[in-house]
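Note that chain A is present in both complexes that follow, paired respectively with chain B and with chain C.
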Partner chain A sequence: MDDMDDIDDIIAEIAVDNTPAETRDLQDLTRCWVAERIAPEMLAWPHDVVDRVLERIRRQIELVEDQTGSMDPKTNFKLIVVQTELERFKFLVRGFLRARLKKIDAHPLYILAQHNDSSRSGDLNPLLSPSEYQYLTTHQSLLSAHYKSSFLGQFPASLQRLDDTTGGVNMIDRPDEDAAVFVRCLKDVGDLAIEGTGSSVDIKRGDVWVVRWSAVRRWVEAGDLEVI
Partner chain B sequence: MALPLPPGLTPPEIAFICEMELVTIIPRQKLEELRLLGGPLKALNPPQRASIPLWLALLLKRQRRANIVPPPWLSPISLHAILDHETNEEDAFSPPPRLPPAPTGNALVYSPPFLQSSTANAAPDALPYHWLEMGEMLLEVASDDFEEPDIVRKFLRGLREVRMAKLRKGVEVLDAAGGIKMNGVGAMELGEARSFITGVIDGLRKISASKEQQRKDREREERENGYSGTQDYDDDEMDMQ
Partner chain C sequence: MYGETGFKLVQAAKREQALAHLPPYQTELVRATTREVRDLDKDVASILEPFAGSFNPSSEPAVACGLLTNHLCMRRNKRCLLAYHRTRTDKLDEMCWGGIDVLERQQQQVNRAGGGEGGAMGGEGGSNSNGSSLSPEEEEYVRQYSDLLAAYKGQWTDVDLTGSLEPPKDLFIDVRVLKDAGEIQTEYGAITLTKNSQFYVRQGDVERLIQQGYLQRLS
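Right after this comes the complex of A and B.
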């Protein structure tokens, strides 16, 4: 049996090596997009995958611009295929970015705090991309300037804050971390305890589970589970 | 520009993902090698079979430049066997296709739609994750590539009904903790049931939130005090306090 497993492992390694980098990035980006569409919290900005894909899209657009106008029907059909795929990639990237923007709009102050934590701790993957960070801070300063000039300015100074956490009520809205999500197991995780309920689940490769996000977040970030 | 949609995937988005699945085609025209964004596409030489993404296969099929070879699980015999299994087994879905060998180390793990579960070499005895969308799309665009498209259509409808009934029945086991195993569920079925299932779980959780918070605090306290967390208190007693 061990021998069989060894052979399987070797085959798996070869198979992975044969897969082109483009296909792996496509799978990666698709996974990021689906996770961002479903998970209640913002996930770290996958800068390397996005950078590579955007660079390829840029080159492909150049190629299309270069070759349009050709009268040869063969080249024309090739271009149709290339452009169809280009549109699919653009849809994917756009969907991914828009899903992130939605979260930034929904919980700006909470995400800003999380981003600052992640960049302060020297994390290699900060939560937000530079443009997202710029969008968030500019949008927030516009909003607070607007609030201030329209009504907040007339309040007593102690009531003017938008991020007050005193008095037992937190003004900073946060996403529902315990929201239920569907996950698929990519690598055996084993027993996973769900805090506060006393129940635990045994997650094996290939399983599909409905669990709360807070219980599986760590494994999703590590790539052992994928959100579906 | 933010996305105005609730969490979860819409049916068009699920179909979009399904279109990344590889299918086998028999090209009728030559097509030179192409460097696509999702990996290079090998040259198509009729009548040599090739595996290409579904979106491209549908494009070629619509322009009558290729024929699609339906995956083996979409044959009437396979569907009949799977439907029998689904009808006899009352509590679970039929098992998904066998997984490829486990990857070693930090290798990227593949999952649908990148598992080649719908090519001509796919397993004939199991429904892959994207079975419903794949079947519908192939029947819509390439029904003339099936031997008996109407029978396949009928089986797909039957399967869908049996499985949706199971999904609805499964609602009875939902509770606040979540932790429900749903192996073999399909992408479209999941998309359809997602908001209901997660809605019920989240709703139940909110109802019992205070009880859960008490328990969480107690568990943390025990951990800090060095007690083993296995002692069982009666939950009802906690409520009385």
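Right after this comes the complex of A and C.
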């Protein structure tokens, strides 16, 4: 029972909007980082969070640079605290970006198709940031050039493609959308039907469930559920 | 036998996954597999030739079956080749991320093999003439991938993307110098890193040097 209360506290804290902006940025960033590492699919690029955090990092670095050299032990101590915080922020951003790159490298063609869909439909949050898009396309063209010069170039023309879907095997690898994830409910979702099993679960605020990703993807993207 | 060289390639790929270094590129196997695909394609063409474009699979089940086998073998060989090359490029990517200069290391290997055993060269050179374990195509790939990586990292200068993925616990750490690394600049002045000396430094300042093996972290 005690555990349950703890979680309720945390959720209540998140819901109240009077937390200072700094704390909220950190919370958002941490949530993005956790979600990106756990969700089997690529999540939309949270440009506002990243922009805010990068701005903070830049200001902190400036502050550190300004104040080093001061001999006052008090400032020195403060600087150490600031720098420690800075290292942690950097770690989160780094982990977040690397998690995304890893997914890009694992399923490039699938993600590229998804990204094109999202940017065509005029979505405000495209799947990839511009530099990630550039990384993906450049890496992909490097790889295909490499394959081509190594062996594909000598293949019969009908077999040279890398995104062939004929012949019973789809060459475009997809992430496992049915992988299990832990989710915590932030808002009442109600009955959630799990496709293919015929069963449904009633998800209430504060609940923690293990479900397949494809069943909860919509609510995670909307922010009603969070992966943990 | 059909597919045998492809199978060997996949076995090699599987083995490479567990190794820390990159074994020599299987030029011969790759060539043999590619040749097999071309031969099979020629077979298909010659089987289809007498039908002059009006082949009906249901009237000639035996021929259709032969064609199917050829097709599947070609596709399988393609998958094997792709798997082999992908495993290797993944490994190369990983090395680039780890800050290992792959090309330089290859160069060193070549030099060692060439310079060290001057007299015994003749007998050794059979398997791999230039001593490098990368194919020329792979070397080109590594060069371009490092450029790509540098370009992407350049947009995140404040964060240092190749840094450690372990959560930072302490701002300052104890390190021991394993190899002379010259002088480095920190906010607290310059430090000269001479072999076997020990320092208490900011982790962010020496991260790269630890990765490159100049320093060892003391816990």
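The rule is simple: the second predicted complex is superposed on the first by the 211 of 228 C-alpha atoms of A that agree within 3 Å, B and C clash if a C-alpha of one lies under 4 Å from a C-alpha of the other, contacts with A are read in each partner's own complex, and residues count from 1 in each chain.
Everything that follows uses one rule, which is that contacts are C-beta pairs under 8 Å (C-beta built on N, C-alpha and C of every residue); 3 or more make two chains touch, one makes a residue touch a chain.
Note that the coordinates shown come from a computational prediction; the quantities given were computed from them, not determined experimentally.
Considering which of chain B and chain C touches more of chain A, the answer is B. Within the superposed three-chain model, A:Asp105 lies in touch with chain B and with chain C [touch as defined at top]. Contact with chain B, but none with chain C, is seen for A:Arg212 once the two complexes are overlaid on the shared chain. In the superposed model, A:Leu142 lies in contact with chain C only, and not with chain B. Once the two complexes are overlaid on the shared chain, A:Ile57 sits against chain B and chain C alike.
Applying the stated contact rule after C-alpha superposition, one finds that A:Pro156 touches chain C and leaves chain B untouched.
In the overlay built on the shared chain, the residue A:Phe91 is in contact with chain B and with chain C.
Under the contact criterion defined above, the residues of chain A that touch both chain B in one complex and chain C in the other are 57, 80, 84, 88, 91, 95, 98, 105. Those residues of chain B whose C-beta lies close enough to touch chain A in the complex are 1-5, 7-9, 13, 16-17, 19-20, 31-32, 34, 36-41, 55-56, 59, 96, 99-104, 107-111, 113-114, 176-185, 187, 190, 194, 197-198, 201-202, 205, 212-213, 215-216, 219.
Of all residues in chain C, only 30, 33-34, 37-38, 41, 71-72, 74-75, 78-79, 81-82, 85-86, 89-90, 93, 135, 137-138, 140-141, 144-145, 148, 152, 155-156, 158-161, 163-165, 167-168, 171, 187-188, 202-204 touch chain A in the complex they form. Those residues of chain A lying in contact with chain B across their complex are 5, 8-9, 11-13, 15-16, 19-20, 22-24, 26-28, 30-31, 34, 37-40, 53, 56-57, 60, 74, 77-78, 80-82, 84-86, 88-89, 91, 95, 98-99, 101-102, 104-105, 176, 178-182, 184, 186-187, 194-201, 205-212, 215, 223, 226, 228.
Contacts from chain A toward chain C in the complex involve residues 54, 57-58, 61, 64, 68-69, 80, 83-84, 87-88, 90-91, 93-95, 97-98, 105, 131, 134-135, 138-139, 142-143, 145-147, 149-152, 154-156, 159, 167, 169.
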